[in-house]
Amino acid sequence: ERTGEPEVVLATGKTPAQCAEAVAALHGGSSPVLVTRADAEHAAAVRGVVPDADYDEAARLVVVPAGEQRAGTPGTVAVATGGTGDLPVARECAGVLGAFGVEVRMVTDVGVTGVHRTLAAARTLTDTDVVVAVAGMEGTLPTVLAGLVSQPVVAVPTSVGYGASFGGVAALLTMLSSCAPGVSVVNIDNGFGAAMVARRILRTRGGAG
Amino acid sequence: ERTGEPEVVLATGKTPAQCAEAVAALHGGSSPVLVTRADAEHAAAVRGVVPDADYDEAARLVVVPAGEQRAGTPGTVAVATGGTGDLPVARECAGVLGAFGVEVRMVTDVGVTGVHRTLAAARTLTDTDVVVAVAGMEGTLPTVLAGLVSQPVVAVPTSVGYGASFGGVAALLTMLSSCAPGVSVVNIDNGFGAAMVARRILRTRGGAG
Amino acid sequence: ERTGEPEVVLATGKTPAQCAEAVAALHGGSSPVLVTRADAEHAAAVRGVVPDADYDEAARLVVVPAGEQRAGTPGTVAVATGGTGDLPVARECAGVLGAFGVEVRMVTDVGVTGVHRTLAAARTLTDTDVVVAVAGMEGTLPTVLAGLVSQPVVAVPTSVGYGASFGGVAALLTMLSSCAPGVSVVNIDNGFGAAMVARRILRTRGGAG
Amino acid sequence: ERTGEPEVVLATGKTPAQCAEAVAALHGGSSPVLVTRADAEHAAAVRGVVPDADYDEAARLVVVPAGEQRAGTPGTVAVATGGTGDLPVARECAGVLGAFGVEVRMVTDVGVTGVHRTLAAARTLTDTDVVVAVAGMEGTLPTVLAGLVSQPVVAVPTSVGYGASFGGVAALLTMLSSCAPGVSVVNIDNGFGAAMVARRILRTRGGAG
Amino acid sequence: ERTGEPEVVLATGKTPAQCAEAVAALHGGSSPVLVTRADAEHAAAVRGVVPDADYDEAARLVVVPAGEQRAGTPGTVAVATGGTGDLPVARECAGVLGAFGVEVRMVTDVGVTGVHRTLAAARTLTDTDVVVAVAGMEGTLPTVLAGLVSQPVVAVPTSVGYGASFGGVAALLTMLSSCAPGVSVVNIDNGFGAAMVARRILRTRGGAG
Amino acid sequence: ERTGEPEVVLATGKTPAQCAEAVAALHGGSSPVLVTRADAEHAAAVRGVVPDADYDEAARLVVVPAGEQRAGTPGTVAVATGGTGDLPVARECAGVLGAFGVEVRMVTDVGVTGVHRTLAAARTLTDTDVVVAVAGMEGTLPTVLAGLVSQPVVAVPTSVGYGASFGGVAALLTMLSSCAPGVSVVNIDNGFGAAMVARRILRTRGGAG
Amino acid sequence: ERTGEPEVVLATGKTPAQCAEAVAALHGGSSPVLVTRADAEHAAAVRGVVPDADYDEAARLVVVPAGEQRAGTPGTVAVATGGTGDLPVARECAGVLGAFGVEVRMVTDVGVTGVHRTLAAARTLTDTDVVVAVAGMEGTLPTVLAGLVSQPVVAVPTSVGYGASFGGVAALLTMLSSCAPGVSVVNIDNGFGAAMVARRILRTRGGAG
Amino acid sequence: ERTGEPEVVLATGKTPAQCAEAVAALHGGSSPVLVTRADAEHAAAVRGVVPDADYDEAARLVVVPAGEQRAGTPGTVAVATGGTGDLPVARECAGVLGAFGVEVRMVTDVGVTGVHRTLAAARTLTDTDVVVAVAGMEGTLPTVLAGLVSQPVVAVPTSVGYGASFGGVAALLTMLSSCAPGVSVVNIDNGFGAAMVARRILRTRGGAG
């Protein structure tokens, strides 16, 4: 594959058997195989095919390592969350990065309603290469972080919230409308996508990945 | 009027003559008369009827003082803005409060993309009674301020922005979804409404209003 | 915490064990700990950790009293509802206020389709300090009340209704568009948020809070 | 025409000449011809063809009387407005009813933020047959009126307002979500449509119309 | 009750016990008591309190007759549906009308994709007083009927459909945008509301109701 | 060009000079060059470059014939409109088809509120190959026509209307939700697109096109 | 039936018994009877009535052959999908076409993120008559295919995706906004509708069907 | 400024004098000053203050060079557009990058309806570091490019289009929903924002910036 991307199966709307079958066809090559949005049954079925597949239930992510091991992509990605409810999305992101040997630093629960914690967190991020900022509800974390750090900030809105959060739309619009420089946005709850963006950014540095 | 509110004319969709006629019928009583969203022609027509009416072009606000002067409502309202584009709305708010003799402290251009300025601003607000926070684009200012001060925060989304700001909708949703305590919200660009809320809050303190 | 706010856990999307763990870490300090949107299992798990936690099933609210008891915030908050379907949200609001020792007066089922009942209710509210008005469907109650009383009115749209109610959006837009003075709005179904706003308003009166 | 309806030309998007041409082709029969949304140029062009056409500039309505005069539809329609900004729509409704000889009673500026005026207005409507309630912004007037009168209430949302009024959408949703019995709704700013509904209701009474 | 309306309980979001309790408090007077959106458990609980309550499962409607029997409202209402999927809403409408002794004529499955059936249906409606037209998906039935009959047409959009039907929104917008005269609209799936409108129209004819 | 399509310039957002320059670069080949959404200035500039370019002001369409003349695509396309306001879009469609030598039959003002005219129109279409149905407001024409004819129906929603028409969205949703078989939909006001679809359908018949 | 269409029952919202009853009334004539959106219970009930009915569980489609067998509609329809998640919709389309004896060529998993596979697929489609392109998420497949082939392209958005896919809305808007010529669109997930359009297009070629 | 960002003035809603005043206060430091969305009058006023300010009318961008010249950020950014209508946004992006000494390669008019041109363009991008893909209407360009290149792709939706493009919303949703890896998105028409993201990505490579 010219762009060096992983094989990914989206479990939503597929049976465990269909996921297992897809993984059976894809694994063993030079890329890891990922199953996203996988529940416990999907994971069990995949493990029936590839016993050493790793499953993170909170992240709903199955990782099947590449057949031939490659050197990891060098660099560090910070994954910061606004609240504990954003953790599953952050873990999906971290898990995907981990599958490529990228070093991840998790910084959780640093949402801007306690802005002094946000500032303290920002100070610990100076030696990372990319910041992924995951936030639901009003989704302000990426805006504030981008004013405090100088790395690219990949913003991930989450569907955490209710009412006028509209399943992540409020956070999404906040992030898109942000006048803070250096923020770009992926789909609601798309921890996987943020990881893919972060990894491509690391590769611009000359990484092997 | 049982609730002690001003007479207000919304100039939008009215001719200058209609505004002047409305003001002629309403002024001279115990409440000030306000004309909101007034352009220069509206203001001129009103001044034809009440020469000492005050007009703030940026705020698009005409204030006709009450016939019988009352003591001002005691207390101080801080009006903070995210960017300079939010100033017209902030001035509408301040102008309405001024019409009731409320002391106003303006704090402009303290949006959260320069969060250290936001923090500095918050430190100057401790002796005010109510905070009105005016912000467009992603509209984060009220959320961050509410985590830093202990007063009620009245949030005013503005239509400043473009694209996914959707004429103030992004800021509105941000403010409604905010997980910061003590924030309540008025309509987009509604500086007038925020002033009315702030004044009622001041009156709970026993003000004469 | 500088702003004197409670610790709050949003149970939605968390397991009972996660809620209990969060409460265990937070309780015993100078603020009450609240768990909102808690079902019976969440409540049972929290009580496993703090046996004297109070649970209101209708309100889906767990209240864990502060370790050190403080004087309540002086003042009275009226909580009025349009219909009986709005009661859970009103009770969440009342329960949170109660956790801070605020006196609450509930006035239920005074929606504007029976406007004479609304008027009668308004006459009983004159000695309260803040009015929280909770209404679903078309959400008109706050508008009418604000024309009848002189206190600040905190409007809470609820998701009660169907079709063009759009899960509370119709009520939300009504409340934001209201031309009645003194109305500000919190998120759909956010009884908790309305309580936090009301308490901050009471504190502007010099309450201990 | 089997259903006895007027010929109507919507001027929006048509040139004055096109309107005049359409009227020239339609007038002189047993129904009046109406031109709605007509500005002064449209009206002038139509009058070039039919000199006795009547034009109400505020209502933007041209009425060309029927060639053969018929007895008016018996009955009275009340047309009530929330604010003065709703007058153009109310006048369009009244003008169309007038073209069919229906008696109209206008009751203006009785919006629910001054609910005592709404109640007083409702008391004057008991001898009318249909109530058309025209309101913008939050659009509550029909809901409250329907709880006070026993006639059918035809609700007309108007585009008066700004921000979360969304060009009449807030009022429309309010009216559709209303739990008051007897309310049905026509399109935003559709005074013409409300008149047509009211006239059909009058005809169920055995009117000649 | 001045406007002579029924007592109505919306079962959605209420327990069977709460519905039964509400009915117990309301029945026995001069109006019927209705429970809308009632499932079998709600109905059973109500019957525990008022054994002769009538339940139509398809319509999800419980009718508790008035304590003192009144003469029915004279007149006939046609209830027409586009497809068989619209029947539950049509039956809710018919059931409510029946509770007031109004004669109902059901005309089902006459949607406009088979427009010759629609025309045939319209010819059978000439001797009715009001037409309620119930339609989902694209919701065209009321528009076409209103061009064929001369009665008032009360349009009820239903949530039947998928995709761009958006739960009844497509049908709702069709009905509001209709250029056919004499059409007014109630909320999505609101058969109850259409019945209330139809009954008020019948009463303008001098019915006892 | 493998798919044999015309060169098309969208004038919106381009200066007359930019349009003329684009046409100068594209014309003279084996396909006609079209400029859509062209006002009189755009047309004049294009004619400065290609004097024999044809301009239909109502359709806002410039047609520059192909350099080398080809045989027209055999077959007939019916273009039907609901109201006269839909004519500009219908003419854009007809003009584009004409540029390819396709025979067009225009059938105007046959909207479904006068359904007997719609039926009469349908009877005249039996010998055409494709039906393009153009309608605004509630957009019902394609649904009814598709139940009466057996050709493919290409539906074009127009932005004619106001209020709940939402600039063509109501008509668009109607057309997409239609349960009539054989209807497919193009973008709002996209007469050009409908012509392109119709021409491809004709070519499946073995036309030279 | 003048337009030669099948009888179709939409199972959504109907009980198995209701579906079986409908099929019992409709089958045995000159058209096949289809039940769409049928789950296993619906299918079993229908087979109780017509034992030789065919059921495709993935497509959720029941096909009851016509009583009198007709010659199939001549011609070939290509059904292409972007991802494996789009297969159920593609199979509904193929199943309906099969019921009319139309030849179908399935080309799956050729979405544009692997655009070289899309190009390869396009090369295999040259001898088909119509292309149905089924795609979810961002829904780009029809746009790219229409630039590569010269047949009519019927685009089917699917509800596959999450977040900003909004249940198929993103794909729908992509397809409508496409600047590729020859694309028309049916409702989200409407494989049935695409088949009906494709069949009508084949009949313009002079097919019997 | 800790994050090394430019000073930026958004001209929308500001008078020429206000822009000039803002620039006068900000220029002369170590960062360039930019005025975005500037029309000719804004530009003239700024040049009255800083005569060597550069103005690109198509991009609506004023660039005031930094007082002290710094080394440019090393690296190359490709800016690709779908159509010529997207050029203004692409030029805003390129102009901002140029202000920081970043090398830009423009690749215009390579939209996916002519996918062979898109492929050819992709082949010329292999030696760039970041790809900015600007597209309106259906907005597919970034999705296809991201499947062909291995750099980070910053997607910029534009408001080019009409109807279901909804002012850039269709393109925005396409880009967010894309299943192509490595795509992140900025606000509609936000060429400025894309440049800021691209520059931060370049700086992760160790550039001086």
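Note that the chains are named A, B, C, D, E, F, G and H in the order they appear, and that numbering of residues resets to 1 at the start of each chain.
To be clear about the criterion, a contact is a pair of C-beta atoms (placed from the backbone, for glycine too) under 8 Å apart; a residue touches a chain by one contact, two chains touch by 3 or more.
Since this is a predicted model, take the numbers as computed values, not measurements.
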{"item": "A-G against A-B, pair bridged by the larger set of C-beta contacts", "value": "A-B"}
{"item": "Approximate Å spacing (C-alpha centroids) for the pair chain B, chain D", "value": "35"}
{"item": "Centre-of-Cα separation between chain E and chain D, whole angstrom", "value": "26"}
{"item": "Whole-Å gap separating chain A and chain D, where each centre is the average of the chain's CA atoms", "value": "56"}
{"item": "Where chain A touches two or more other chains, by residue", "value": "10, 146-148, 163-165, 172, 176-177, 179, 181, 187-188"}
{"item": "Pairs of chains, among all present, that meet the touch criterion", "value": "A-B, A-C, A-G, A-H, B-C, B-D, B-H, C-D, C-E, D-E, D-F, E-F, E-G, F-G, F-H, G-H"}
{"item": "Chain A-touching residues of chain H, taken from the complex the two chains share", "value": "2-6, 10, 75, 129-130, 146-154, 172, 176-177, 179, 181-188, 193-194, 196-197, 199-206"}
{"item": "Chain D to chain B touching residues, read off their complex", "value": "84-85, 160, 162-165"}
{"item": "Sites on chain E touched by chain F in the complex", "value": "83, 111-115, 118-119, 137-140, 143-144, 146-148, 161, 163-166, 169-181"}
{"item": "Contact set on chain E toward chain C in their complex", "value": "10, 12-14, 18, 22, 37, 157, 159, 168, 172, 187-190"}
